[in-house]
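Order as written gives the chain letters A, B and C; numbering starts at 1 within each chain.
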Amino acid sequence: MNDTFASIVFFASPLVFAAVGETISEKAGVVNLSMEGLVALSAVIGFMAATVTGNVIVGFLAGMGIGATMAAIVAVSSIELGLNQIAVGFILALLGVALSSFLGDPYVGREGHGVPHLAIAGLSKIPFIGPVFFNQDLMVYGSYVAAIAATFFMFRSRRGLEMQGVGERPEAAFARGIAVNRMRYVYTILGGALAGIGGAAFSLDVKLGWQNGLTQNYGWIALAIVIFGGWNPARAAIGAYVFGALQIIALKMQPHVPSLSQVLGLTPFVVMILILVVIYLPTFRRAADRHPVVRRIFAGDPPSALGTVFRRE
Amino acid sequence: MALELRDIHKSFGDTRANDGVTLTLESGAIHGLLGENGAGKSTLMKILSGYIGADSGEIVLDGTPLRLSAPRDAIRAGIGMLHQDPLVFLPFTALDNLLLGAPAASAKDRKGARAELGRARERFGFALDPDATVRGLTVGERQQLEITRLLWLGARILILDEPTTGISADQRTTLFEALRSLASEGMTVIFVSHKLEEVEDICADVAVMRRGRVVGTSAMPCPSDRLVQMMFGKVLVEAEPPAVEPGEVVLRLEDVTVADRGLATTDLTASVRASEVIGLAGLEGSGQRTFLRACAGLVHPEHGRILLGDRDMTGRGLEAFLAAGVHYMPAGRLEEGLVSGLTIAEHVALVTGNGRFGIDWKQATDEADRRIERFSIRGSASSPADALSGGNQQRLLLALMPPDVRLLLMEHPTRGLDIESADWVWTQLMERRRQGTAIVFASADLDELLRYSDRILVFFSGRVLRTLDARGTSGEELGALIGGKEAVA
Amino acid sequence: MNTAEAARRIGTRLTTSLIPILLALAVVVGLLAAVGAPPFTALGYVWSGAMGGSSQVGDTLMAWVPLTLAGEGLVITFAAGLWNIGIEGQIVMGAIAATWVARIGPDMPFVMLLLMFLAGAAGGALWALLAGVLKTKGRVNEIFGGLGLDFVAAGLAVYLIIGPWKREGIASTSGTEIFRPSANLPVVGTTRLSLVAVAVAIASVVLVWLLMRGTMFGLRLKAVGRNPASARLMGIRTDRYLLGAFGLCGVLAGIAGTIQVAGVWHKLVPSVSGGYGFLAILVALLAAFRALRVPPIALFFAIASVGSAQLTLLLYLNSAIGGVLQAVVVLFVILAGGWQLRRLSKRRSAAAAEAGAPATVAELQASGPAAPVETSGTTGV
């Protein structure tokens, strides 16, 4: 049983990076819809870099670089050129997927590196928690750090407060002397870099190698998880684990309904989006508002200025 | 110690919001800045706080010229502005709002902020719960929070833009006491308002703006009629005699209460007859817009009845009102009236529906050309609406009005228009009136209200304060009433 | 218009379309060189693979058909300000509905195909309306609602293929049983080209062009997409028009799906949409949402898609280079458009300060409708 939970955590970790990264970007007011392509391309480039240099760290750095670059394109086209973030993000999503197939082709089937496994002394001995969370590898620990640090930064630090302000009401942030667009650049690129780590983790850790479609639909689901998490990094991480659990359930069901194994692979994506649709239906929201506990779990409004452009008159 | 504004210019497109403003303000006093809506007060104050950049001009504080390229520079210079709609963050707590943007110096931390809120409570009676979410605070409390924040950041010059809009009488008393106490400590307070009574109440002197310029300054007290005259210009109006006798009752409101976007407008009772022109006077946000929107079926009364002719329309939707011959022209010409990117011909086709399914573009273009000529619109059938000037946009809106309007509801029919366009608009409207259309319009222009209305409803804080016969009313009387001063009238 | 003005216009055209396209080609050439392939030979193969013979032209046109149909559908939804990402699922649902008819319908020529087209159109429309209802009634943003419905449609297709509609004896994702002859579109000679399919696509171009240009529906839709508040005050019921846009787009997508099963695969396969829905979004973006610009751009996309498949056979390269070319072209054209717009608006605001000229840049808006990105995008007044 512990193994099952441990593998949920393990397999969901790249998504944690991606969802936390996108949360940061959106919290500052920029939608980076390119996630699907960003994750695929950083998976390929990360794998290529690690294979060529023989160093897995270089692989992750390359993935970060790709993620940051794609996020920067979204940021520049929105902030400098006033282009629609959705349009640019969507184009980049398709571009990233196509590029990943093309560039990754010679690397299909090559053996990957992996990240060193490291049970954390002490913590890994805690019943249940230990084997599930603290008998993992460094990438997984990195995802905890990303989610926890992002949560603390966002909700407990001054800079994080400013970042939320920029996404919530840029004109008010500006009136308080904050350089709105500079902040948006910083957080969009930072979020892209984090998502790039997630992409690299797919090919360097979760699966040891690259194949076409390795990350298929994970970028889209990362975007959905951001909403599921109510723009809170910690809750986004939980959303990633819920998705991971759905995947494991689907996997475990396969021997029982072998005829449907292909469908089961898709069901987690379907179920995740359906959950999302349901929790945003007005009837559900009204019902949830009456129950404080439910409200706390599902609360979460998008940053008010999400997707808009700010300019000083 | 003085703040000087020298020859400030600022244009938005073809509107000159500030047209050479020069003003000197001494410290240790509350200075009033009076003017009607659109006079350029807010623009000037936003420039002073670094929120927008001036096209030209100079701001000098204690003999040193300031370079204000962003609010950050103004904050450093000790200038703090409370915007008309307080620029607070609704989902955050009061404490977080205080902290957001404060320099990360040692004393400006959570503890310091909490202590500051405590001090504000003792000093000014601002009872703010540091951990309450700002969304739950009233406008008055949001202002108190912003004032506390600005003082905490070390503001020595405090700008308040229309601070009394939407706050309670008690909050206003608290606010005024706080301002007096701050001024007595040597602070410069700039009180921007269009409410005479308040300026008379707390300001040591006043500068009056009109059409982007300072048209006069005076020490207080100063006679109300003089201020009114400066605000609105010489109001020497011969009301136009009614060309036609009013006909049957077109619109009747019976004790209607409406809530629209948070503002409740209560006890509306009125009746409008065919060929009558009713002016709605009052400060922006006093209930005129809600009145018009209710009469157009866009908001539904919580109480009371709305009748068109004999038909009870209470609770009916926009479509029913449109079908009954009601036409609503809101103030935002490009926001709620026209569609950016669509041409004049396309607009004409939209409203005339020259075919049930298909569009005869030849006919639509010809019709557009006819209307362009008739309404003297500077543009062609293929000009997009957003390429027209404000005056021509208003002409287009008039040109798009259906022929058989029984009740025309308008907001600011001539706002932002040059005199020629404004006169022309009213010629058209008077023609409509002769044909039997009843017109209800909201305006901030006293001259316009007095010249064209038969009757004027004066709105104040969501109520009709007084119904006047336009012909027996002077500009001074009306100006005072708008400012909430019943005594003068 | 004087000569200087004309020259400036041509210059604008160059910077906003020709230069980005050349740059995109340069990127692709660079990529090909980077993986050690002879770039120009490869591009030559792409061309010959798509246009080199009647069979190739047939394949290219059969890719052009769904791209055009879906692209025209998206012209309608974009006009209403909607991001119909659910179009992939709408194509799949059209294919599923058509397959259902192909399985149970009367084995009669023409009648069978007619019923398949009707069913396909209905299937696509149903799926699109679902996204529309979620948006107008549930305030669920159409991007995520559509994405979810894409997943559901894909899952349903796979389920049907390996479940209820599996081939005799074997459950495999390679597809259902091949259709009976009456359910297949007639082809020209030995090619895969179906003239019916091409005719349907051309008809869609003409119809959408007429719809957007010459009907009250199209005009009102534009008004709703550009300014819902003004449209509402003109008495237009905005929600109905949004649903109408979804429905019409779904019809075209469903027909595209029908052609995919009846003209290309002759059975239902899991990847029946061929990714043409998402690609068509790029087509529509590049076409700046104009109906008549869709067919040539779709042809370019079809050539890139079909031709690049040759690279796998001839040069052992991954055929995704075609997708790279498509996306890079669109990206560069849009970035160039934004850059041009920025320069213009800067110049105009400088001019406005002197002469008081109003700034209008609507003509050059390459960024598309400002879709609401929050999950609870409101649409009415």
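Note that a residue touches a chain if its C-beta (ideal position, glycine included) is under 8 Å from a C-beta of that chain, and two chains touch if they have at least 3 such contacts.
Here the structure is a predicted model, which means the values were calculated and not measured.
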Report summary line: Most heavily contacting pair of chains is A-C
**Report entry** Furthest chain, CA centroid comparison against subunit A
**Finding:** B
**Report entry** Centre distance in Å when subunit B and subunit C are each reduced to the mean of their C-alpha atoms
**Finding:** 46
Report summary line: Per the C-alpha centroid definition, the whole-Å distance linking subunit A and subunit C comes out as 28
**Report entry** Footprint of subunit B on subunit C - complex, ascending
**Finding:** 214-217, 219-220, 222-223, 226-227, 229-235, 237, 352-353, 356-360, 362-363, 365, 381
Query raised in the report: What part of subunit C is in contact with subunit A in the complex they form?
Result: 31, 35, 83, 85, 134, 138-140, 143-145, 147-148, 151-152, 154-155, 158-159, 162-163, 166, 171, 173, 270, 278-279, 281-282, 285, 317-318, 320-324, 326-328, 330-331, 334-335, 337-339, 341-342, 366-376
Query raised in the report: Okay, in this complex, where on subunit B does subunit A touch?
Result: 12, 49, 51-53, 70-72, 75, 81, 83, 87-92, 96, 99-102, 104
Report summary line: In the complex, subunit A touches subunit C at residues 31, 33, 73, 77, 80-88, 90-92, 94-95, 97-106, 217, 220, 223-224, 227, 259-260, 262-263, 266-267, 269-270, 273-274, 276-277, 280-282, 302, 306-307
Report summary line: The residues of subunit B that touch subunit C in their complex are 11, 13-14, 55, 298, 318-319, 322, 328, 330, 334-342, 346, 349-351, 353, 355-359, 361, 384, 386-389
